[in-house]
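Each chain gets a letter, A, B, C, D and E, in the order it is written, and its residues are counted from 1.
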Amino acid sequence: MLRVDVSKQLGEFSVEASFASEGRVTGLFGASGAGKSSLINMIAGLLQPDRGVISIDGETLDNTAEHIHIPVHRRRIGYVFQDARLFPHLDVRHNLDYGRRMNRLADDPAARKRVIDLLDIGNLLDRRPGRLSGGERHRVALGRALLSQPRLLLLDEPLSSLDEERKEEILPYLMRLRDEAGIPMVYVSHDAAELRQLATEIVMLRRGRVTAFGGAEVLPPAVSPA
Amino acid sequence: MLRVDVSKQLGEFSVEASFASEGRVTGLFGASGAGKSSLINMIAGLLQPDRGVISIDGETLDNTAEHIHIPVHRRRIGYVFQDARLFPHLDVRHNLDYGRRMNRLADDPAARKRVIDLLDIGNLLDRRPGRLSGGERHRVALGRALLSQPRLLLLDEPLSSLDEERKEEILPYLMRLRDEAGIPMVYVSHDAAELRQLATEIVMLRRGRVTAFGGAEVLPPAVSPA
Amino acid sequence: MFDISPTEWTAIQLSLRVATVATLVATPLGIAVAWLLARREFWGKSVVDAIIHLPLVLPPVVTGYLLLLTFGRRGLVGTWLADHLGLVFAFRWTGAALACGIMSFPLLVRPIRLSIEAVDQRLEQAAGTLGATPWRVFLSVTLPLALPGVLGGMVLGFAKAIGEFGATITFVSNIPGETQTISSAIYSLIQTPDGDTAALRLVVVSVLIAMAALIASEWFAQRATQRLHGN
Amino acid sequence: MFDISPTEWTAIQLSLRVATVATLVATPLGIAVAWLLARREFWGKSVVDAIIHLPLVLPPVVTGYLLLLTFGRRGLVGTWLADHLGLVFAFRWTGAALACGIMSFPLLVRPIRLSIEAVDQRLEQAAGTLGATPWRVFLSVTLPLALPGVLGGMVLGFAKAIGEFGATITFVSNIPGETQTISSAIYSLIQTPDGDTAALRLVVVSVLIAMAALIASEWFAQRATQRLHGN
Amino acid sequence: QDKSLTVFAAASMKNALDELDAAYTAKTGVKITASYAASSVLAKQIEQGAPADIFVSADTDWMDYAIAKKSINEPTRINLLGNSIVLIAPKDSGVANVTIGQGFDLAKLAGAGKIATGDVSSVPVGKYAKAALEKLGAWDAAAPKFAMAESVRAALTLVARQEAVLGIVYATDAKVEPGVKIVGTFPANSHPPIIYPVAATTTAKTEAKDYLTFLQTAAAKAVFDKYGFSFLASPTN
């Protein structure tokens, strides 16, 4: 269970969000500038809430009243940033391996192969991020987060730079992760269709406030493409 | 008319594209890593083709046989980069104004207001890019390109980080630009629906090669969202 | 202890003038050289790089001597400058400034060069697409983004210029009111059997000047960084 | 002209040893200090910054005296180190290395600091989310990305260490085979009537050493930049 | 067993001492290590416990300083050498054969040019020059024309390069620089005697005595004479 009840001031913008999501995948939905990335940064521990509580499966990550703020590196999260943030000095192979090394996990060639094949980045392994296309970068970033064996996945529009075909391949994989591995996720997307497939609960954000919370029914109705 | 007939080697990847688009909006469609950004970079003059010709409305921009390579700053293009590339040291207002200043154009408050309102970035004018959300950044980048009064617009997935609602507002504006101002555009997108609305001609790219060229009919058939 | 004598005052003022002029004149040149080294490949680049570093590698006296041979009254460049521009360095404060400028040049160039190398070329490309000529790209994008390096280089250069005396004294000797800077005054005092107290006084003054320069530069740099990484 | 005498050979070897040891020992310290200045706010930060720059601002002779008073045989720190760690600086080559290290410290720190400041903190955040402790973030992200600055600082520092003699000669004197570096040898020769040819010979040697260091560092830097900005 | 001595000597003594040290080593097998620097620096280093056995100073002030600091074995002190100061001009200058005496107008002689010498407050040659000119009544007028160098050698260079029209340096230095000519010699009574004292330090090895004796031999005198120093001690064999 993911419990979030925080407030945070960022310049003139403020986030005041409170929800408790039981589901395995919490979808964050909202217009550009609604505060989705800010909220997810707080869950990651990169942004400290001014006030409030964040806990996951009963374990407190943040509690301003009790001065608890678990540092980022101990949260065991996998975060796919909106802007990829690959390490420019490491080739794709080492980017993918980074989380495993830092967490001192045993090598798992099978898992690695599965992720690499799924994302179709096998032929990029020796390249550095500077020479990847936009979509390739995001795929590698997704792979990097998945391979760090996180306890919680934070996905900030992980598929928005990808083509339909690719999305159709990756979404089912994420659904399997949700159902089989049971890794909880927070998934940010503008794409209602994506959220409908993946999210078990939806948080609607608008100007930093939660305006709706519930199942897929809170999403705007599907429109058929023009 | 946009004529492109180029080849370029990038590491192991090569682009060999040849097409002549009569239409006002040329849509570039293709999977991640197909070579869309590379092609558009050549049109912009940021990447020099190994061999070939690029011309727009009869004016040669590149001709390797005749050693012609018009430098970027004389091409009068507006380029919305896939990765925004806002100037981090300038606030939004000055980012928007940059192209006008560099081209020594007269100030046009009405045009500016129109673009700012359309993109809903009026309240961000005094902020620096470091404090913008992902979508806000892309909107400013779009505004910056539009306001430089370009002769050719190059749009590399300009809307992929925006929500449906926003897209629905901006697409019609781009259509108006196409129809009224008559500014030719090259438009990269993964979203077949977007291209169907905007593009008059479609170039399908696959592994650096043009696999189809024509009207909207070359796009994959519309699927209704799951 | 703080009764600074008139000669000392003159030395202090002179030091400030010499270091300021040296830094201000060297900075644009340093930026140009740093840009060339950071962004251009040309034949003889490592030779240029080596020449810039010479004043660091050679004992200052040697640099002073070389300056004397080149920019002195009988020096090749010196004669030309005197005849054509009326610019005389010998025994003038301008000579002290020249010596300080040359001695601090490597310290000025390196940080600027690093900062220019660190500027994201994709931003320069973006500026180009918006119609900026290479020169205006440099002025409006590269230079502002490299500002921390420019300030850093200027501080190092200024501090060095305040402390320099080996090359200066060899080139233009030590003439109170004309070429005697704080550093050469300190040096003279230290060579005198009971000059220690007076030397200490001047040491304190140089430290204060350097601190002021440092604090000013930090303040500018802070503002610059804020501009780059936030609102 | 190139019949280098045994004493001169000794001076050359000593210079290399002194400059190398000084640079290698100062670099980790310099990185630590640069990191503190770049990434931490603490009380007295500008004082630390000022102290680091002192050797640049003061005439080298003054720095040399301060070293003599502190680390000399009768100096407070000198006696303590000798008694407790058996580390003697006075009139030893280790003292020359200490003097060179201190004189080149500001030149080392500034470029490193600038490079660390330029590292995108969002990448460090990303490393944190992947489980890297702050220390490992520093080692695996910050430091490699700041490598050009580290190399740049090391080159400046090394070049300065080769050229330093004011503080060295004052602190540990000019004893052939123990503390006479190329630079102090050049200085002695310049002070001697008809020592010019010999001095010139040694000047050429220092220039060659510095050029080799520069070229090596450029080569490393090039590789580092390539690693950062391409394949 | 290797015997060795460390000599701390003023930089201007390098030529002569290097030659003598070689001779001494050949004769006795005692290795001499010489450290040349400014007398001021050496005096302070000896004060701080430098491993020096012998101190050769370029003037009496710093020897006195060292004695006052109890770092010199006072009874061993000998005023070994003397020197004279001369007026020099670039070798093709029109100035020649100046008689230096009471009423000597140095300022007029220099005209619009500069007069190079060592720093008058700290470098020994400068101190002697100033004293002499004051005695001769020429200082006040000439003072503004002085370019004070960091060492005798630097002053010499300024004249040789014709940056300065005149210079005041030691006779020993003027002799070896081909770019200058001596145009006058300051009378010995116009300034305090120019003396190079030598002494053993308080921590000196026993061999130091022998070395000091060697410096006073006729053989040593011959070498010092060659480099233009006047020998003040009475030579022994």
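Going forward, a contact is a pair of C-beta atoms (placed from the backbone, for glycine too) under 8 Å apart; a residue touches a chain by one contact, two chains touch by 3 or more.
It should be emphasised that the depicted structure is a prediction, and the values quoted were computed from it without experimental measurement.
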Where chain A and chain E overlap in contact partners, by chain label: D
Chain pair that, of all pairs, has the most C-beta pairs in contact: C-D
Distance from the mean Cα position of chain E to that of chain B, given in whole angstrom: 80
Separation of mean Cα positions, chain C and chain A [Å, integer]: 50
Interchain centroid distance [CA atoms averaged], chain C/chain E, Å: 35
Residues of chain D whose C-beta touches two or more other chains: 61, 65, 184, 187, 190, 229, 231
Sequence positions of chain A contacting 2 or more other chains: 11, 83, 127, 131
Pairs of chains, among all present, that meet the touch criterion: A-B, A-D, B-C, C-D, C-E, D-E
Partner chain C, residues of chain E touching it in the complex: 38, 40, 61-62, 64-65, 114, 116, 119, 121-123, 146-150, 154-155, 157-158, 161-163
Chain D residues touching chain C - in the complex, by the definition given at the top: 46, 49-50, 53-62, 65, 106-107, 110-111, 113-115, 117-118, 121, 148-149, 152-153, 155-156, 159-160, 162-163, 165-166, 183-184, 186-187, 190, 199, 203, 206-207, 209-211, 214-215, 218, 225, 229
Interface residues, chain C side, partner chain E - complex: 61, 64-65, 68-69, 72-75, 90-91, 166, 169-170, 172-175, 184, 187-193, 195
Interface residues, chain E side, partner chain D - complex: 6, 8, 11-12, 14-15, 33-37, 41-42, 44-45, 48-52, 151, 153, 172-173, 175-177
Chain A-facing residues of chain B, complex: 10-12, 30-33, 36-38, 82-83, 123, 127, 131, 133-136, 139, 156-157, 160-166, 190-193, 196-197, 220, 222-226
